[in-house]
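Common to both upcoming complexes is chain A, partnered first by chain B, then by chain C.
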Partner chain A sequence: MPRLLARLVERALPPLAWAAALSVPAAFFGLLAFLLWRGLPSLSLALFFGDTPPLAALLHGAPVFDGLWPACLGTLYLVLLSCCLAIPLGIASGICLARYATGRAKALLDFCVDLLAGIPSILMGLFGFALILLLRKTLWPGANTCLLLSALCLALLVLPYLISSTRSCLEGLPPELRLTGASLGLSPWQITARILLPAASQGILSGVILAVGRAAEDTAVILLTGVVANAGAPGLLTDKYEALPFHIYYLAAEYQTPQELSQAFGAALVLLCLTAALFAASRRLQAGLERRWKSGRNNRNGSIRA
Partner chain B sequence: MAGTGQTPSRQGAGRGDQIVTALLFTAAAVSVLCVAAIFGFLVYFSLPLLGGDQLGMVLSWHWRPTSGQFGILPMVVGSLLLGSTAMLLAYPLGVLVCCFAHGLGPARLAAPLMAVIRLMTSVPTVVYGLVSVFLLVPLIRDGFSGSGFSWLAALLVLALLVLPTIVLVLDSQLRLVGPPLRLTAAALGLTRAQELLHLTLPLSARGLKAAAVLGFGRAVGDTLIPLMLAGNAAQVPHSLLSALRTLTAHIALVVATDSQSAAYNSLFACGVILFLITLAVNLGLRRIRSENGPAGLRGGGHA
Partner chain C sequence: MNSAILVEDLSVSFAGQEVLRGLNLEIQAGGPTVLVGRSGLGKTTLLRAVNRLNECLPDCVTTGRVRLRLGGEWVEAYGPATVVEDLRKRVGMVFQTPNVLPVSVERNIALPLRLALGLSAAEIEARQEQALREARLWDEVKDRLAAPAQTLSGGQQQRLCLARALAFAPDILLLDEPTSSLDYKAARGIEDLLLELASRYTLLVVSHSLNQARRLARFMFVLREDGQVEAVDKEALGDKERLLTLMDELF
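Coming up: the complex of A and B.
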């Protein structure tokens, strides 16, 4: 009987695999086509700037009332700010994990990075929210959710991506590089800074770009930490702000007119293009790195090829 | 490579190295502290629950903030039900897609298929949510009954969301396990299906398990899909067409509606439960990685 069953599964497997391989892209492209159908007609300068003249908005900061421009600016500030916080910390921790930490410290750091990568983004948002509750109770009764808080929580969200991409790029380099440096009498930091980091720079940059994409698309974190539907262009770090992903979420639930709905689809299309472009750039850089140091990846067990 | 002519003075380099090492370890320590801080905050804010009858109130089946009932059990059940049913759909599909890319389909199609799967990882969840609200939900409303915002809608989209994770993790394992077996299997006269079923997949057990665990973690952790599609009624769903509310969506909703602070405590209890699920997923992964078997299974997560 089990034998009969095995035969049956062997027979059934290829057609099932075909069905899966066809249905998954079909579902994906179906959703994509629907998005294009609804979103493409709304793509225009008016989508971004509404009735305000684009040049006035760009150069003189004229307020934009029914366009995506404030949301785009908000997302830009948010991404820049969170990357400023996360990139130095992430790359430094990655270098530490790959080259310096040993034994227990390494195991602890490794565990924390994995755990951080797995924490749902809403918990980062809840953390930010709790931080504000604590500040209100103690030092600063007027504390409220704001741009800076969101950037901080987003930095936490992208931190593990930066750490693990830096780490795996450095560890994937061929060991000859390190040995060459050592044989030239360079100190450990000189080896890292002058040889390994330049060699892995493409891969590290690819991790950074991926992190930018993650920070730009995430909605759950900012939902809890200060994004609002109507704030205009972001001003102070302690102000509320608008952001592209939240704008989409908000309009999907609360749209009043067909125009607002088509603006939501337009915004979704813009966001998708942005993340897809970032993702493609990241892939390209990663592939470039792998081509350059081909021996590194398949050669993890430390044997040195001549 | 390093600048010629400027012979590093060993003394200066030594001190510089010490400073840099200290800085790097500080950065690493900050990263560790971040995780500790997240957990610490969640626990600190849910501590008030432990005293008195609060705990019993939170661990009950009724969420009626207006009459002072803050039970979160329906959300726990909702999260687990939605996560596991999404996996029930996505996991077999993911494994089959991997089988297709590793021998069952034409080799020409394998690369484009994987490219599509990778492209899927770059789609923001809010975009999936928006499109599904206006495409899938009306379909379900017309095809069946009810409002369309249901367990079914959320699970279909969630399955699409976690599928790339499953496929990419399993694919990286199959890439290591598959090629060395190819020649042996061909010499034994096995068909590609037999090769996969009896050799490659059993030898990729670690990848299969890791894909399941990671996928489940991602399905339970997602916020936007359940929030936008599942209807958010705080109840235990009685059918695929009824609404449910997950822990993640619950947190987002309670913060957004800004209800009185008694509700906040239950919020952090939800957070702690989610954190513990993440922790369990992570420990599970570590266990799987340390099992004996073909080497190499790292990263894979989101990207």
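Coming up: the complex of A and C.
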């Protein structure tokens, strides 16, 4: 009887595994189709720029009142800014955990990273909000929620992804690589920066992609730290700003007409495209860096950089 | 005599397990000096003690004294004033298993030269070709210098590692079974090269093959079970029968 059961399991396992694996692309394409169906009809220049002439908005910064353009810019700035803050810090922490920290210090750091990864994003938003309150009472009475604050809180939110991916990739490299570098008279820093990090760049990229995606979609953090429905294109780092996820949330929650709801779907589609473009850009950057590292040439037939 | 490496009272242990115990050894300049011994006794560990690579391994403790003659001067390998990176640039090592970097063939030589020695691109290119020619690899790879080094065969990778070490123009070369992945003829080619290089470098070679040891060795040492080395005297080296009986005793 147990043998029959075992054979049954044996038989059933492959189809079940396939079904589980296929459910991912099925969900993705289902979602995409739904978004396209609802969002595509609303896509037009007017969705982006409202009544403002597009060229005037693009070239001369004419204010856009009734379109997605300021929110697109806001999200782009937000993602770039928080990644600029989080990527160097995350990679550096990953290096520290993988190469330098040992024993109890490592365990403690590890615990902190896990803890940070477990913090809900609304808490991160509250933290930013409380920080501003504190600043107002102490050093900086004029402090207010703004783009920079949101970027800071988002950076904190995505930091664990970067740390974990850098760390696990560095630890997954063959130990001979480090030994080889040392035997060739390279300094520990040269080994890390010029051998190990480039060799791990593919894995680090996946952490960066996760971070970019998370920073682009998060609404809870920015809700409490500076996003508003109407701010125009972002100016200073200390200004309020608009962002796509908040725009979608706002439209979907408060729409008056069916057109406004379909605008929300259009905005969702735009957010998806924006994130995909950022993914593609980081992938290209990494591929270029890796090719340069592997061949010492800037392009396929370029000069030797050695 | 003209010695190049002096090892005094060297002990190396991994996680409390002693591998080498109070080892004394004097290696002559040039050579080749061949080191033989049973597998797992610590030949690789001894080579790594010379370029201080053991300290890159976890839980390794080294005591004792190693002096090397680099550029005409004696250097205290484990001395506090010694910069370990400078030492390793002058003491090349070819690993037992080929350890190419995951980059292109030419970059395998160019990247370390550039990082460690800071040479110009022109100088690197010149050294690269010369080293590849010396390692008998140039004809096989000259058309695929930009290919990933992992696409080379095992033997080719081993010669690439040899070329990389040669490109540094070191004073001392440590070779851990440099022909283990090569066929008979290619191995003979490398042996000829090593005999030729012995006029320029000090060579310390680990070998598993008695025949190879006989062809190569100007000096020979056997690593014993107790973590010490024993010199094989000159007459025994020339006499195949005596060498065989000696080996039988030791292995």
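Here is the rule we go by: the second predicted complex is superposed on the first by the 238 of 306 C-alpha atoms of A that agree within 3 Å, B and C clash if a C-alpha of one lies under 4 Å from a C-alpha of the other, contacts with A are read in each partner's own complex, and residues count from 1 in each chain.
Here is the rule we use: a residue touches a chain if its C-beta (ideal position, glycine included) is under 8 Å from a C-beta of that chain, and two chains touch if they have at least 3 such contacts.
Keep in mind that this is a model prediction, so the values were computed, not measured.
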Partner chain(s) touched by A:Arg194 [first = chain B, second = chain C, both, neither]: both
Touching partner for A:Pro63 - first (chain B), second (chain C), both, neither: neither
Contacts of A:Trp293 with chain B and chain C, given as first, second, both or neither: second
Superposition-derived comparison: chain B or chain C, residues of chain A touched: B
Chain B versus chain C as contact partner of A:Gly235, first or second or both or neither: neither
Partner chain(s) touched by A:Leu186 [first = chain B, second = chain C, both, neither]: both
Which of chain B and chain C A:Pro41 touches, first, second, both or neither: neither
Chain B versus chain C as contact partner of A:Arg178, first or second or both or neither: second
Residues of chain A that lie at the interface with chain B and also at the interface with chain C: 181, 184, 186-187, 190, 194-195
Touching residues (chain side chain A, partner chain C) in the complex: 176-187, 190, 194-195, 199, 293-297, 304-306
Contacting residues of chain C [partner chain A, same complex]: 51, 53, 56-57, 85-89, 93, 95, 97, 99, 101-104, 106-107, 110-116, 121, 124-125, 146, 148, 164, 168
Complex interface listing, chain A residues touching chain B: 6, 9-11, 13-14, 16-21, 23-25, 27-28, 30-31, 34-35, 38, 88-90, 92-93, 95-97, 100-101, 105, 108-109, 111-127, 129-131, 133-134, 156, 159, 161, 163-164, 168, 181, 184, 186-190, 194-195, 198, 210, 213-214, 217-220, 223-224, 245, 248-249, 252-253, 261, 264-265, 268, 271-272, 275-276, 278-280, 282-283, 300-301
Residues on chain B engaged by chain A in the complex (per definition of touch): 1-2, 8, 10, 13-14, 16-17, 20-21, 23-25, 27-28, 30-32, 34-35, 37-38, 41-42, 44-45, 92-93, 96-97, 99-101, 104-105, 109, 113, 116-135, 160, 163, 191-194, 196-198, 217, 220-224, 228, 248, 251-252, 255-256, 264, 267-268, 271, 274-275, 278-279, 281-282, 285-286, 295-296, 298-299, 301-303
